[in-house]
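Chain lettering (A, B, C and D) follows the sequence in which the chains are written, and residue indices restart at 1 in each chain.
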Amino acid sequence: MTPILQVKGITKRYGGLTAVNEVSFDVAEGEILSVIGPNGAGKSTLFKLISSFVTPTSGEVLFKGDRISGLAPHQVARKGVVRTFQETTIFRSMTVRENVIVAHHLRSRASLLGFFLGTSLARQDEAEFGASADGIIDFLGMGAIRDELASNLPQGHLRALGMAIGLATNPRILLLDEPFAGMNHDETMRMVGLVRRLRDERGVTVLLVEHDMPAVMKISDRIVVINFGQKIAEGTPAEIQSNEKVIEAYLGSEDAAIGM
Amino acid sequence: MEQILANGLYLGAQYALIALGLTLIFSLMNVLNFAHGQMYVMGGFVTYTVVAQFGLPFIVGLLASAVVLAVIGAVCERFLFRTVIKRSKREESTMLLAAGIAFFLDAVILLVFGEKQRGVPKIVDGVFNWDMRLIMPYDRILIGALAIAMVVGFILFMQYSRTGRAMRALAQDRMAAQLMGVDVDRYSMIGFALGAMLAGIVGGLLVTITGINLGMGGPTSVKAFLMIMIGGAGVISGAIAGGFILGMMESIGLTLLAAYGDVTYLAIFATLLVFLAIRPQGLMGKPWG
Amino acid sequence: MQRRTFIATAGLSLAFSLTASVAAWAENATLKIGFVGVTSGPAAAWGISNQRSMETRAAWLNELGGVQIGDTTYNIEIVAFDDQKDPKRAIAGMEKMAQDGIHYVVGPNVDDGAAAVRPVAEQNGIMYFPYAFPKELYTAPASNAILGMVANYQSGPAIYKHLMETKGVKKVAFVAANESDPLSQRDSGVEAAKALGLEVVSDSVTYQVDTTDFTPVLLPVIQSAPDLLVLSGVSPANAPQLIRSARELGYTGLISTETAQDAQVLQEGAGELANGFISVGGASTPELASDAMKEFVERYTAMFGEYNDESNTKVYALEYIIETLKANPAAIDNVEEFKKTMDTFEAANPFMVGDAKLTYVGTSSFGQKRQVSVPLVVNEFQNGAFQTLFVAKVD
Amino acid sequence: MTTPKIPNSVPTSFGNSAASRPGSLGPARLAGVAAFLALVFVAVPLGIAASGRWDFYYTLTSVALLSIASAGVWLTFYIGRINIGQGAYALAGGYVSAVLITQVGMSFWLTLPLAGLACAGLAVLIGLPILRLRGVYFAMVTLVLTEVARLSALALPVTNGAKGITSIPLPGELSVLGLTIIPDFATLEDPKLAFYLVAVALMCLSYLALWRIVNSRLGHLCRSLQQNEELAASIGVNTAHLRVLAYAISSFFGGVAGAMFVSISQSIYPSSFQVADSVNFMLNCFLGGLGYVFGPMLGTLLLYFGWDLLFTTGQYQMLIYSSAMIVLMLVLPNGLLSLFDRKGGGK
């Protein structure tokens, strides 16, 4: 089976600095793949390269065999490659439900003019978006805060809302940017469960960039490790945990010990 | 050619000084001060009153302009902008306030100083004439030199004085500055006063050459906006560069395009639009100001 | 009425005008005369000199017991509207005048405003006296506008001709601000100069009104080496700077303009360099001014603290309205009567010495009498005051 | 530059929760609309006839037209852009109408939508590069745009330059299939009432359109853009496209208002709409409140009438006007309509 996403020799240079250097890996359909690496390893840049918020200096990203690097972010999203944001990026002055509804944009069948005129197709769309949004909100366990203004939410909920927004676009592959950052153990475990269900129940392929080792080990089917912009290892959690290079990289950077 | 450069340099020096005050206020408080031009006019009239009406020396007039405008600036910040910034949900609301202040100053200037063009006699007579290649009246050379000195003085002040450093910290990151123990309210007020003062000083300087009238406020603000767009909003070096570039463009444009009549400013604007389309943050600005 | 109690810079004036108004406020009827023009913002100077000269003259007439028109004695009340130099506001002002039952309005001060109020004036039967030069305002089918001064296309040729004959001017250059009024005046000036056989060496240079340094503007003009530099439609604010820059660039020829200037502004802004500058003035040069004009200047100064030389011309509109109404009282609320009277109207000119007359002119420029006859006085600036160069008449 | 703070009050809710379906007219809202229409089309003319204040017709006509232009500015605020350039489009719209009438001999009623469309087209050309700018940069560029429009009007041959276009005929008859919908204005004894009715009808249409935009998906997407452009892009919104679309609609409003003004003054000059007008359009929006669809209408009414009412204060008019503006800003920095926030959100 061809991989759903292929990263081929992607490189990004800023002036003299090479943030990402010749990184290649594949993501198979229906898998949860994590990209890890010490601070400053180039994870964020890699993430932006894949979601096409940044254009690569060389190399390319293919989605289902089509090149997506170089496209505008909204075009990439349109193909089914959708990212969430590291910061708590949401539409702050909308309610939770409005956030999710607006994110249904890609599923519109009616044109903007149709929506303006309130055609029956547009009304059908709106009704569907509402129902779908409610479904997503319930799925993520946010039913109680449905009509809360997003700017009033605590951080854990914001992260979930970010994911809900991503889900609303009906993605084939969801790119999660540090979904566990700043969470305590319980919250992390709940989020791990959510991401699993995302894949199991909705068939969404997940690629995540993360820092939190225990969570990554728990959640991932496979892991890609990068350091200093280069891929140093790839494999199952068990393989990564015993990889010399990886241990060295993490010890060398005095970052969190691995796999505890 | 020499003439064009000299004209551009002279214009640039005064423009830079105007832009400095505007950009200082912008960098500290994110306020686009629509009333900047009116403050400049106010400064001109104060100097005029002191010099031409009371018969005091020019330097006294200049000092009076500086003091009056600094007070006006401080009052505006303390009692108007601070309140609105705290209470408003959108920071653009300060634009409405600034426009209101511009109207208000216009009204005050009309009532206090009248509607006529005013000017003070030349402070130095004579014209420097180098073989008809470069003609520059001495008073213009003096004012240009003074303006450049002020720009340099301002940079040194921002670079080395305690107040200047505190303001730079504030401009860089308000939050961080607060954490580092910078008294944000106090330095915002000082910054605003200083910005207004700069506007007043330019007014005072130029009243000896161009004179001053009620109508110069609005257009001056627009020109100052142009300069900080060219250089990059909220960046001191950008304001200076913007001032000199606009001065040069005007000088060159008026000479080269004279035969085509009314198009110099149209050309400048068109260039600016193209430039900003390529480089939205101006020459030296951080992206998005 | 409240308008009379202006608090001017001198506290004296308050007391003066208060007593004046109280003394004169008998049981006279009130005749309202309107003013729609710009009295705030950048161009405030134009409208303010209008409004103040009207108010000064009105207060003075009221103090004398009012104006007798037909069998009724009226006190004059000036109703002023600030249009902020916005044509849209000017329409609102004219509507306000119509609402107040006013049939005679002075203003607006600029071309766009004068054109914009035309429909309102015509629909509501209002005669108005713009200080704007577009000919279509005064030529048929338009008939409600009366030009309140001498147009530049009338004074220009007179000045050029005079300078050709007396100073041997052959080459002329024009500079104008990049705005409607000055540009139109430049174009008609160029036309007039060419018609007189002058060589126009530069006519494309313009400047932004907010220019702070005119050297780069004037450089190419001076290099074209004209004998006469015409500052078309120059505002009093820009004139001294332009003169100064031209002189500092070494220009030694003549400089002239067809707009009215203020002597003190010239003196402050350009000093000696302005000597020899030729402009069009009102009727208060020492040779021409009657005692009434001198008293007007005194009263104006007492009321508002400072005189404005432009008011020499601007005092006339009100005088024309009142005198025409006196000549035909039926016109007081019927402008058609006013128009009929205009053709034959003649009255003594109180502001000029000798037996000068107030009449309506404009036949040769507009094909109908739609212009007040004010003396075309061409002045030369010398050491802080205007001296009369020559006086001419417009027909 | 930080992202703008956004009003907490949500102007409109959307989705099909029972409370308010998009675009649905509940009985309360329907009554409000009916009352408003009755006010502008019946009560105002009756009131003016009763009081004899005929000059109010022009004042209110101006308010209606200026509020249309302001509505456009408001829409650009809605996508998070401070627009101080609406005067440029009003001027352009005015010139399009004037040129088509005087040189092509087209009916005014046809030039009205054409003026709007021409401005929308112009906005696409200008908007493509400048809409990439944000915050004060966009604000300052648009401010310069008004000046560009004035200089272009002076320089272009088709505009008749400095002399302007004058003696433009009044709007003629508008008839469809031989049925007269609008009579020839020149045959009316006094076109004031006719102009007023046309202007308020246009205003009602414009605000209906604006209200529909805000309450339809287009409005929701605009709001998403205003709040976070990156996130909007990540959910598949073509942000560049949407910005240009909103800006074009905004400029359409400006063009229509400008063309209508030209038919009233029967003349246009390069100075007919100036920087001061552009600033005023923006102020109208601020004053009314940026979070409320009807904010710009109220703001225009207040600012315009405020100046008019101060007419009797003579030379202190400007002083009082500006002081009032500053005080208002201090007391209600979020716009007049924020007064109603405590009672549960604006309209």
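The rule is short, and it goes like this: a contact is a pair of C-beta atoms (placed from the backbone, for glycine too) under 8 Å apart; a residue touches a chain by one contact, two chains touch by 3 or more.
Heads up on the chains, UniProt names are A = ABC transporter ATP-binding protein; B, D = Branched-chain amino acid ABC transporter permease; C = ABC transporter substrate-binding protein.
All of these numbers come straight from a predicted model, not from anything done at the bench.
Shared contact partners of subunit A and subunit B comprise D.
Ranking all chains by how far their C-alpha centres lie from the centre of subunit D, first place goes to A.
Centrality by C-alpha centroid: the chain sitting nearest the overall protein C-alpha mean is D. Remark: subunit C and subunit D have CA centroids separated by 37 Å (rounded to whole angstrom). We define each chain's centre as the mean of its Cα atoms; on that basis subunit A and subunit D are separated by 42 Å. Centre to centre, using the average C-alpha position, subunit B and subunit D are separated by 32 Å. Subunit A and subunit C have CA centres that are 73 Å apart. Shown for subunit C are the residues that touch two or more other chains, namely 39-41, 178, 183. The residues of subunit B that reach two or more other chains are 106-107, 110, 218, 261-262, 265, listed in rising order. A list of each chain pair in contact follows: A-D, B-C, B-D, C-D. Interface of subunit A with subunit D (complex): residues 51, 53, 72-75, 77-78, 82-85, 89-95, 97-98, 101-103, 105-106, 108, 110, 112, 115-118, 122, 125-127, 129-130, 133, 147, 149, 151, 165-166, 168-169.
Of all the residues in subunit C, the ones that touch subunit D in their complex are 2-3, 6, 39-41, 80-82, 84-88, 91-92, 95-96, 98-99, 110-112, 115-120, 123, 134, 136, 178-184, 187. On the side of subunit C, the complex with subunit B involves touching residues 9, 39-45, 48, 178, 183, 204-210, 212-213, 215-217, 219-221, 236-237, 240-241, 248-250, 262, 264-265, 268-269, 271, 305-306, 308.
Every residue of subunit D that touches subunit A in the complex is listed here, in rising order: 6-8, 10, 13-17, 22-23, 209, 212-213, 216-218, 220-221, 223-224, 227-228, 230-231, 233-240, 245. Contact residues of subunit B toward subunit D in the complex are 26, 30, 32, 34, 80, 83-84, 87-93, 95-97, 99-101, 103-104, 106-108, 110-111, 218, 222, 225-226, 228-229, 233, 261-263, 265-266, 269-270, 272-274, 276-277, 280-282, 288-289.
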